[in-house]
Structures are given as structure tokens and as C-alpha cells.
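Here subunit A shows up in two complexes: once beside subunit B, once beside subunit C.
Here is the complex of A and B:
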């Protein structure tokens, strides 16, 4: 090999080797140059995380749908106060006591309720909740030293409190965790779309919409096969282990609402119903033998739609009389 | 004749006069004297003792609740949603401000 060619090959090899080394050095240099950015990123992260905790004061009657730290301080005697908590359908709500300054002996109380209760009507109903009514109340004055953090069984919870002495109060932190199979849900919005799945669980699940709505069920899969039920259509779904029912009423408790329709056969398509009630509930009853699923959409029924209610609607329930 | 019979019936139906019972020094009425008249006969048939019912604790009280209309509840929901959106917008603004430095 001519010496010039050898020299060129060697030069190329050396250059390549040098460039690799230089690259590594640049990588190290880049890493070194990134360190200030990395440090800034950590500071940035700390700054952002510190500022991310939402804080505000609570009113006597209040509702919260976000995580954060909330403080109530009584400026006067407050005897009938409540705070409602609501999350997305897949959220579970955790209430953690940070600071409580109330006079339990003097008649103050601070109680967490697993669900919502309005005018004595509970959601979820007693039929659909694993705990008894008394177990759903957690009284700080009785168990505050033991249970500082309480998690709900569904996407809603609330606290009741009574404070006699001005200046007394409490601070709670609200966090949300994910529920893989939401069962009992109250919708935050008058419109939306949801799929409820009950996988081999013997339980009943309710989805409540506290608005007059048009609800459209697009997909229903119940475990039993179509056509194998020797059952009179007029008998409804009574006696069937797995079915979906639509309920309407003026209260919160699904067990006290009017049954408007029930579905006990799987279908794919669209079944629409206009329900002019203050509260509409889609409830799935599951035997636990199958995986049941229902997908539905809903949007608020406006006044014009309530007047045009001749088609595909239940007239005798909940619509305002003309 | 009818009036005489009626008056006789009324006389027989009238309860006997109450007689002051001897009280003990502590104010209680001796058990032997209670429920008896001046002649020692029972005035009224003895009442059956009250049924010992289980103690009615907090479980039987109506559950703690609040009276709100759905209208007000929906209003609270609207406020909560608006607040949540404001908090999310504020959080996004701080993130973008920090990233843009």
C-alpha cells in the first residue's frame, strides 16, 4: 500500500476515533451544561409543586370539586353547615384532617358522610352501599384521634359541621384517587357520556344526573344471552338477575324514585328517553355471574324539549304541567 | 222512674273521693298504701309493668342531613366547576410562565 494512502487511512481512522472521543466529551459537556438547567428544573419543580396546592377558605354551605387545602373559621356561631365534595366519575375522595379546633364537649361537631344526603335522602341509597347509614358517618369527636384520613366509596362525599365559638374551625386536605370500576356516581355536569362496567360483582350501581335530561343508551351488554329467556315481555325485568333500570324523581335516593323503564336484554344501537325529573338515575343491577356493561350519553333537557315531549317520552312523570 | 234510674247509674259510676295517703319522711308513698283507698281495697286494677324496651340511642335518630333544593345544589355545582376551571387555568399559566423563563 502506498505510504500516502496509508497515511490518509490512518488519518481518517484517527479522525474518526478523535471525533468519537470529542462526541463523548461534548456529551459530558452537554451534561455539564445541562446541570444548571437540571438544577433549575428541580427548583422549578419545587416551586411549581409548592404553588400547586390549591387553598381557599370554606363557606358555611359550600361545594368543592378540586383537590386542595380548605379552611373554615367561624366568624359567628354556625350551627347548620355542610360542604359537598364531588369528583369525576372515576374519582374517590379522601378527606384528611390537618387541623381541628372545635369544642366537642360544647356541642360542636364535625362529621364526614360517605355519600350525599339531602333532606334525609341518601346517595347511594342504603340498598346500594356496603355500609349501614350509621357507619357512613364518621364523627371527628368520636374518632378524630384514630381516623385522620377518610376515603369515600364513590365520587361524592360531604362533611357536616357545627361550631358555636367564633374563631374556632378546621382545615382539611382533599385528595382524589382513582376508582377503576366506578359504581355509584353523581354527574357534575348536565351532559356527558359514561360507560358503567360491573365485572362479576354482585352489586347494584347507580349513575345520578340531577337535571332533567335526554338519555340515550347506545350499548348494553348483560351477561345472559338474548332470546333464551322464556319470559313474558309485559312482565318486565322482575326476576331477572341482571338488568338496567331508568329511574326518575325529585329526591336524591334512587330507592325512592319512580321506575320509568327497565332493560334486561343486550342490544347495540340507540334507545333514547326524555326524563323531565329533577333527578335521573340509571341503575344497573348485577347478579355477579356476568360482566355487565352499559354505555350511555345524556344532555340537559331544555324547556323547549319539555314542551315537545310527545315523542318517546314518559309524560306522566316529572314534566311540569302546562 | 227513668230519672231515678239514671241518677242511680250516675252515682254508681262516680269515682270514689281521693284519700290523702300517709307519706314517709322522705316524701315517698309507702308501697303498701299506694293504690289503695281508705278501706284498703284496690281502687284501680294494677297496671301491667311497662315493657322494657331497648335503649333508643343515636341509631334511631333521623340521620344528619341538610335541606337544600336541587336548584341550589345545581348552583353550587356550577360555582364549583367554575372554580375548578379557574384553578386549572391558573396552574397552567404558572407552568407556562416557569417553562418560558
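Here is the complex of A and C:
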């Protein structure tokens, strides 16, 4: 009897905790969806992974979205080079130096930047990143012997390098780790679907799509469910409380983009917007008092589209750039 | 008695007066001679000198302009390389990158030896300059960025296809 009573107490406690919404939002992908290797036995995995490290040489301007080992060797003087790294939204990029042969004293450099930076504009913006701009640069010439492995704070990173002497170069290994609650993301594709969750964190998160898109927000929860009742909506969008904003612009930095729409209240349904800007950003501002969640999908804007949806649509914004 | 008093007064003044930014000493004799009675002009001269480019390898934050915004984007050359197929020919991809790099390399190199004189000012001065300068960046258009992004995506799909093929071979054994 005492054990049955204990079991009942535990069950009630679990039920109460679940009803309070204290459970975590976790999306676990099906095993066979993107990782068929999970279905294999250990022997098969070992056989498959033997010699599976992807290798290739880097170009002066390059972009990588896969793991592997990459080598750059200068065949001539290369003064303005960069490699972009991008992963899935839930990936974090780890850059590991395997071999570096550059002449730091002779003007060569090799720097890792935590994020992307184009024309002086950074993603994530300085407002949304925990580190200062100078801290986001890790210079091999200054810290190479100390920091051989650098991990990004989001799904994008990049390196800048300059090599004067032909024959010099470096080798890096790129790995990806999982980020349970992706915050700042650049989409690899012009179409997709994503759910952004900020669980009791005082931070602002941006999802950037560097294409003109039609974006449809299907589910927005600001605050968390307490039993069957939603909490009172946050106090307005005027910089107070939690809200979601849509931004459009021609640069990479969300803090320099134009606000197109603010969403202050939770809703279930479809809110669609056509944004013809070079860059579209959905940004969630979170005070940390609530668990906030937004689900949206997007696809590339076809400028030939003439059909106008009547339900909750806003006229297109930003002049088409393509 | 007077001397210690003067010395202590001087020390107090130095510590309590607002500290101005450390400035590199101007080499201009006109500025040096006129510093006493034209401090504003001297500061302006110094500020102008501070905005000049400095050693790239010394700076943690600096702007590296790598391309001409007014030129026709290289992406137009990539029309042949961006196809609907997932696997793009290596030759057209390498041509695209060669063209992109050629455009970006048209700017003259900033001589690493020119600000050697600035090294003498001290590390503290250089750190002040770094904090004022824009961060190192790349002048790439969104069009070019999308091109390289799509190439990376194609490479990822090809790699995934290769892995799937190997998987099927292993399972088939």
C-alpha cells in the first residue's frame, strides 16, 4: 500500500508539472529522416565511417556546408580571401586547426569570425550576440597556440585569410554539433519551415533568409499555456514585452533593416507577408519571463505571382531586386 | 618645501584632470609649434591622421574593402554555372570563383611597411585605433553570396548521395 500511495503521489506530481508547461520543447527528428545511419548496427557504422572524412581543397572565396577536412594552399599571392560556413539551423560550427603555415610577421593573417559579416554588416547583429565585435574575431596569429578549436554561437561562421607566399596555407577540420534551441539562424535554402523557441531566456533571436520570400506565420505563442488558459498578452510592441517582428532590407545586419510588421499577441492561423527584399528576417524579442514559440514557413517569392491572398495578408513590401 | 608641494600638486592635477585619448605625436613641425596655442587644430590634424589605414595585421578590427560596389557583379558570369541540375560542372564553378577572386583582387594591397612608424607609438595607441576602425569584412553582393550558397548546397547533396550509395552497398553485402 505505501508503494502504491507513493506511485500515486509521483503520478500526480508529474501531471501537475506537465500541466504547468514546465516541460521542454524538443524536436527529435525521426531516425530515418536525415540520419539513416542511426538504424545501422555498430559494425556497419564502423565500416561506413572508416575513411569517410570528406576532404577537398579550398578556393580563395568559398562556402562550406558539410563536415570534413579542407586545405588551402596558395598558388599565388592571395590577399583577400574568405570562407563561409553554414549548417542546418540546429547546427553549431566547430573549426579546428590541423595545420597552419602562414607568415604572421610578414603580413599574413588567419581570422575566424563568429557569424557572417558582409560590407561591414554582421549577422547576428551586435545587439543579438553575446560577444563584442572584437571578441568575435579570433586571430590565429595572436591566439593560434592557445585556441586550436573554435565553436560558433550559431549555424554560421567564416574565416578571413591573407597569404603572401605561394606554397603557404592551412588545413582545418569542420565539425557540427547540435544546438537544442537555435537562436540566430541563416537559412541555407530559400524555402523551408522552422519553429523558433526561446524558453525563459532574455535574448533576441533572428532567422534570416537571404532571398525575397513569401513568409507565412502559422503559430505564435508569446507566453506559455497555464492549464487551459493563455496568459494575458504582453504589453504591446513598443519595445516592452515579448513580440515578433518582421524585418526587410538589403544588408545582413538585422539592426539596420526596416521593420515591416510587429506581432504582439499569440495566435493560431495563417499570417502571410510577401517581402521582396534581399534579406528577410523574423526576429523574436524575449524578456525571459515566458516560453515563446513561433512556427513559420517560407518560400522564394515569385515576382510573377498575381494572385493575392485575402486572409491576413499584407501587401508586398520592398521593391523587387531580381 | 615648495618643491614637494609643487610636485604633489602636479601629480594631483595629472590624476584628476580628464584623460584624453592617447594620440600619436604629429611629425608635422607646424602642428608641433602651434600645439600650444591651437590645440583644436592639432587635434583635428591628429584625428585626420588617425583615420588613415593602418597595418592590417596589427588590427583586430579594420575594414578591408575587397570589391568595387559600382562594378558589374561577377554573378552575371555565373549564368552558365547555375543550372537546375544538382551537380555543377567543376570547370564552370572554378571559372566563377576565378572571376570573383580577380574582381576582388583589383584593389591595391595596403603596404604592411607603411605604418612601421606607428609601431613606435606603442601597443596602447594601436589598440585605440583598432576599436575605432570598422571590422574586417568582405564586399560581396547578395547575388554572389547566393551563388556560392547554392554551390555549397549542391556539394552537400552530392556528398549525401555518395554516402547513401555507400550505405546501400554495405547493406547489400
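Going forward, the second predicted complex is superposed on the first by the 246 of 322 C-alpha atoms of A that agree within 3 Å, B and C clash if a C-alpha of one lies under 4 Å from a C-alpha of the other, contacts with A are read in each partner's own complex, and residues count from 1 in each chain.
The definition used in the following text is that a contact is a pair of C-beta atoms (placed from the backbone, for glycine too) under 8 Å apart; a residue touches a chain by one contact, two chains touch by 3 or more.
These numbers were taken from a predicted model, which means no experiment stands behind them.
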So, after the overlay on subunit A, do subunit B and subunit C clash or fit? They clash
Q) For A:278, is the partner it touches subunit B (first), subunit C (second), both, or none of the two (neither)? A) both
The chain contacting more residues of subunit A, comparing subunit B with subunit C, is C
Kindly classify A:141 by the partners it touches after superposition: subunit B alone (first), subunit C alone (second), both, or neither?
-> second
Message = A:107 in the overlay: touching subunit B, subunit C, both, or neither? Say first, second, both or neither.
response = second
Looking at the overlay, what does A:79 touch: subunit B (first), subunit C (second), both, or neither? second
- Tell me which partner A:119 touches in the superposition: subunit B (first), subunit C (second), both or neither. both
For A:61, using the defined touch cut-off, is the partner it touches subunit B, subunit C, both, or neither? Pick first, second, both or neither. both
Message: Taking the superposition on A as described, I'd like to know which of subunit B and subunit C A:160 touches: first, second, both or neither.
response: both
After superposition on chain A, the stretch of subunit B among 2-10, 20-28 or 92-100 that runs into subunit C is 92-100
Shared subunit A footprint, subunit B vs subunit C, residue numbers 40, 44, 47-48, 52, 54, 61-66, 80, 82, 84, 86, 111, 113, 117-122, 133-134, 137, 160, 188-189, 210-211, 250, 278-279
Note: in the complex, subunit C contacts subunit A through residues 56-57, 60-61, 63-64, 66, 94, 97, 100-101, 104-105, 107, 109, 112, 130-131, 134-140, 142, 145-146, 148-149, 151-153, 155-156, 159, 163-164, 166-167, 170-171
Subunit B contacts subunit A in the complex at 58-59, 62-68, 70, 73-74, 76-77, 79-81, 83-84, 87, 91, 94-95, 98-99, 101
In their shared complex, subunit C is touched by residues of subunit A numbered 36-37, 40, 44, 47-48, 52, 54, 59-66, 78-82, 84, 86, 104, 106-109, 111, 113, 117-122, 133-134, 137, 139, 141-142, 160, 162, 188-189, 210-211, 250, 278-279, 321
Touching subunit B in the complex, subunit A uses residues 40, 44, 47-48, 51-52, 54, 61-66, 68, 80, 82, 84, 86, 111, 113, 117-122, 133-134, 137, 160, 188-189, 210-211, 250, 278-279
